[in-house]
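One structure follows; several queries about it will come next.
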Amino acid sequence: MKRLSGLFLLAVAIVVLPIIFPDNYFVTVVGVSAGLHAILAVSLNLLMGYAGQISLGHAAFFGIGAYSSAILTTRYGWNPWPSLLVGLAFTGTLAYIVARPILKLKGHYLAMATLGLGIIVHIFIVQLGWLTGGPDGLGGIPTLSLFGWTVDSDERWYMVIGGLLLLVVWLALNIIDSRSGRALRALHGSEVAAEMMGINTAATKTGVFVLAALIAALAGSVFAHQQAFVSPDSFSFAFSIELVTMVVLGGMASTYGAVLGAIILTFLPELLVVFEDYEVMIFGAILMGMMIFLPQGLFVGLLELLRKLIRRSRPANLSTPQKEDPHGAA
Amino acid sequence: AEPIRIGTFLSVTGPASFLGDPELKTLQMYIENINAKGGVDGRPVELVHYDTGGNAKEAVNFAKRLIQKDKVDVIVGGSTSGSSLSVMPLVERAKIPFISLAGSIKIIDPVQKWTFKTPHTDRMAAQKIYEDMQKRGITKVALISGNGGFGKSGRAQSLAMAPNYDIEIVADEQYGAKDTDMTAQLTKIRDTDAQAILNFGFGSGPAIVTKNVRQLGITLPLYQSHGVASKKFIELAGDAAEGVRLPAAALLVAEKLPQSDPQRPVLLGYKNLYEGKYGDVSTFGGHAYDGLMIALEAIDRADSTDKAKVRDEIEKTTNFPGTGGVFTMSPTDHLGLGLDAFQMLEIKNGDWTIVN
Amino acid sequence: MFDQILQFLLTGITVGSTYALVGLGFAIIYNASDVVNFSQGEFVMIGAMSAVALSAGDSGLPLWAAALGAVLITTLVGMALQRFAIAPARGASVVTTIIITIGASIFLRGVALLVWGKDLFALPPFSGDAPIQVGNATVLPQSLWVMGGAAVLVFGAQHFFTHTTLGKAILACSCNKTAAHLVGINVSIMLLVAYGLSAALGAMAGILVAPITFASYDTGVMLGLKGFSAAILGGMGNPMGAVAGGLLLGLIESLSAGLISSGYKDAIGFIILLLVLFFRPSGLFGKASVERV
Amino acid sequence: MALLEVQDLTISFGGVTAIADLHFEVPESQVYAVIGPNGAGKTTLFNMLSGIYRPNEGSIRFQGQEIVGRRPHQVARMGISRTFQNLQMFFNMSVLDNVKVGCHLRTHSRLWSAALRLPNIRREERQAEEWAREALVFCGLEAYIDQPADALSYGVLKRVEIARALAARPRLLLMDEPAAGLNDTETVEMRELIRRISQTGVSVLLVEHNMGLVMQVSDRILVIDYGSRLAEGLPQEIQNNPKVIEAYLGGEVQYAV
Amino acid sequence: MPSEALLQVTELTAHYGPIQALHGISLEVKPGELVAMVGANGAGKTTLLHTLSNVHKASGGSVIFDGQEITRTAPHKIVQAGICHIPEGRQVFAPLSVEDNLLLGSFTRRKEKAWVAEELERIYQLFPILQEKRRQAAGTLSGGQQQMLAMGRALLGRPKLLLLDEPSMGLAPLLVAEIFRVVRELNEQGVTILLVEQNAKAALGIADRGYVLETGRVVLSAAADELLADEAVQKAYLGH
């Protein structure tokens, strides 16, 4: 099926990598981080890339999910699964409550409001030390297990998160290709026209905001169990901005782009550590460079480059390629 | 011979870089020196280091990288309490000796088998300060603290220890790491009946607090924590720093110690080496020195890098004179310092003096 | 109690003026290109750090010369940013451009780290640090410099955008680039001017506040964030708004630190910011969008 | 009962009254034109009819139900669709997807079922695509179906908007200057299109400055000037109304009716 | 031959990405001429004007204006050289006031204060509604009012050559007549005009010559009255 061929490729890559590089730190450890980031980026991309509603506070929902699980399992001794569900319910409710007033805002005002939301959540996490452990964080979070299968090694976490990523990508692709997905893109294109076509834009925005928040909370909960430790600096506004950067770097409104952006921004610092004090500067330069030369995002940009190369190497009398729909690239 | 591999992850950049930066410099400088002298047991020492930027999440990944990929023998690192605490479950599972360079008492209390640390705890700092206050007859204290990990943890210990010294906390204010003005908090403090002000924090905050105290014309004694134990503080706070007291390792006043002090040669040696290369010392770099030396001596005594043996030897560290004090560890004490490891200092004429 | 409140107000105005000055810089680039320049905080940092560096040591320049030099250096940095990072990204959307400025801010911070290290530095106050008594409250002379600077610069900026053709031409670039070209505006020069101007403003802000706040390679992040908040609170792109927003934010923070809770003062600030936006979606002084269907 | 009844409609912007005390009725199955000088308030009227602006006073009843106070998507649900004078395309989508959005009200899947791609989704997608293609073909836009919207010329975009509005199967279609940017031959095609639309039982409310088109296609015409009603009647009457000629038409031309 | 033309376009091509929109357009406009350009939707008229102003880059060919090659000249220099362009879709500066919009039209002439003031007065006489609304944000004007504003703004650039992209679009019949009268009048005052119009009859009615554009190519060029009489033109563009 053409619609899901990309997903299939992604699945193959996820399965094959640990087989080619067994026991490799970059696959099982960094790969797990990249996977989590990719899940977050894909969810943010639904909101930002497709619906055009920028959020600089996505890390907050990630954090609430993580802390819900951490607190319920460590302080109250709950089983991880009900903790996860309570975390999702809590995040969903919070997102639902703030969505309406916040999503009335547009552009930079929306950016500021979501940024503020993220910072407020962060401050509460830091200040509610009796509950959250404050800046020192909260440790001793049990790992996940299902039907006796315990996720107790990096390899197993890799499998779990890889699977989760595939699931989230599949959900995102499905949504984009549906009535609801078109409604999202439509309100990005023109809110009045979308309304006039019968789309309840406020409800649609709220819906996608809550959905993105839920996915982020799910990722957060998994993150808490995987790290066995949570601390506020994993959910700071800097991380929210990093997530936005992943989405834009990969290419707005492209699910695979979001995955690509997440992977690149996760691996880049790991590779740059050898530059020590120069790391920050080089990282900034690379980020700028990528955006300057491929302003429409790496995924679309690289695809186009590839296409150009193929076209050039092909004999001229073959049919000129059809102009691709740049927005259809899901 | 097979090199000894020391792994470290530090907050070399980011908000806690004032910790990580001197720590990294110290490790690099000493390992270079040791190798120049032929290494340990004839084996060269190799340092593998990563910068966490102060983020606990990075710390976990880098600790994994050190253990799985770089296959280090010992980890000496973790500038912040958060980053140290976050890797502890990992370290315990991987069974690798870990000497933390962070302040929180939670790292060694309760004691975890594979985890040690060298810096004085924030509890000790609070105790030392309260001892001094008791001597001056102070019973009412206004607390102000930064809301980062260091300040928060210090605040918690200060609140917890106060009753033991019959001290009443009459104000409990906070400020953000990058706040530029604390006069609002201090105005509130001014209008309490506090007899002294205690500030737990690091970075620009304590210097601004010190200046603001003087700006508001507050004449109460001002205590800072060991978080400001570097010349930079005096430079930033300027005249306002006169009379400020703080607990700190003897490193800052090495020259002023009696000749007989067992720490004196170590302190002068470290200080001269560091200042010769990088400029003003801080006590934080000293903690890295202590951690590194304790680890290497343990390896030397164990005659191997077998992790279990090294761990046992670290635990047996006895009367080791470091920059932070004289360490004597035990199965129930993975720090091995007493309150006497702290000196109470006062800033006079722009320099440190020992209070007695 | 009254004395306390007076001090809180003075503190709030001092801090607020700092935010206002930083916020003002955001307004200019925004007005020229709709872009929120995330490296604005770095301009502030570079201004402060270069002034420190130029005036430091025995062979250092006198303060005024160092300040002038720092403004110049920062202006060049701002223009270079536009010329070499923003301009070449042809066809970049606003979001992409914002990400470029995020990259630039990381890059500039990295460079500052290499050049100046991680230490904190203080710039000497312009006119001493003997506190000035206002009733039973006090302010530092430097705070007066900051407030005065904010006032002068905001009126300058306001005049520039409402009364000069150049200012209006810059506004024109952001609302419709094609049309700006078609009336003969050299859009690339306008953008260069805008980046240079806002860098210069940022530098001035940095130099004015450095004696109070100290400077280090990473001071830009927080100041940038607060400045952005101020600009949004007041209404993006409106110089008066940036100042009003800055002052308000400063006052909220200091009053909540003094009267409610110093631990939650930033949270309170942002909560009020959110509430203001819920009732005035384009800030206190921002104009609602004028696009019609 | 008339399809649309407008009474005492008034709206002002910062003290300037754009529509004042306007009343008129649109009967079922007619092409009803609203004309008037630039700035007379025609687009503003449309914006109130579609729920985008809320009038200061007055009522708008559609099939007996009040529109004032409803949001645009609710108005759309009642069976009103429109095109815009200032294009409101979804430029981030293809032409086909633009028109598929038009089918929003005729399809019903929810976010959750779409996410899981339940079997009904595939069916619905196929249905929506069919409807969208139908609408595009109806408007003579076969050639552009797979193009991205941002690659089209102005005149084509205006017609895609009509197709999108039609895909919603409205009872009443509001068209704001559909012939702007069309040449005379294309305007003739537009006239035919409007006629065909009206033959399918859809009522049309038409704002247009091209008098040739208006006079030929309209059943009745309302003339407004400065937001107030100037005249109302059959095309023939309007054309010969001296007030209308003075305010709007100018004297010289006679338009075929 | 080329020296006498004010605007000389030779083999001009333009692309949108891989798609070619202009396939080698050649045309000329002599000083003082009023030349009309007609074509169906999507023929490339707007693209041509954009390419002439260089807000869309040409991919080949050349444009010579007043003896100077301007194919790759920056847009603002083209305006300085004396070409003003009323773009399709009006493109007013929405948040700025009507008067600021007009004054920005005189950006390249901003030193000539007296002339600008005089011209502004003339435009207000031409479109009194603009004067009435001169403090209002341009974005809140009605469609037709914005069209008037775009026209006025271009006139304040004091063009030698005026490029008009459907100036009558969205205007009431009375004003359409008025606009054509103004265009004619400007032309008589010596402004050379290239007029793109869908209202082909009216455009050719006032033009000296005309070009017919089809899918990015010039397919016909002749004197205006010849074109009006041409059967194919009548069928394709005049609705006969």
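Going by the order they are written in, the chains are A, B, C, D and E; count residues from 1 in each one.
Everything below uses one rule, namely that contacts are C-beta pairs under 8 Å (C-beta built on N, C-alpha and C of every residue); 3 or more make two chains touch, one makes a residue touch a chain.
Note that this is a predicted model, so its numbers are computed, not measured.
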Graph separation of chain B and chain D (steps between touching chains): 2
Intersection of contact partners for chain B and chain C: A
Per Cα centroids, the chain farthest from chain C: D
Result of counting contacting C-beta pairs for D-E and A-B, higher pair: D-E
Centroid-based (C-alpha) most distant chain relative to chain A: E
Geometric centre distance via CA averages, chain D-chain A, whole Å: 41
Cα-centroid distance, chain C relative to chain D, in whole angstrom: 47
Whole-Å separation of chain centres (CA-atom averages), chain B against chain E: 74
Per-residue multi-chain contacts in chain E, two or more chains: 19, 140
Multi-chain contact residues (two or more partners), chain B: 13, 147
Interface hub residues of chain D, defined as touching at least two other chains: 43, 52, 84-86, 88, 151
Chain E partner contacts - residues on chain C that touch it in the complex: 165, 168-169, 171-172, 175-176, 178-187, 287, 290-292
Touching residues (chain side chain B, partner chain A) in the complex: 12-13, 50-51, 54-58, 60-61, 64-65, 68-69, 81-82, 85-86, 88-90, 104, 106, 147-149, 152-153, 156
Complex interface listing, chain E residues touching chain D: 16, 19, 38, 40-43, 46, 88-89, 129, 140-145, 147-148, 166, 169-177, 198-201, 235-239
Residues of chain A defined as touching chain D within the complex: 171, 174-175, 177-183, 185-186, 188-190, 192-201, 207-208, 211, 253, 323, 325-328
For the chain A and chain C complex, residues of the former touching the latter: 54, 101-102, 104-106, 108-109, 111-113, 115-117, 119-120, 123-124, 127, 192, 237, 241, 244-245, 248-249, 252, 277-289, 291-293, 295-297
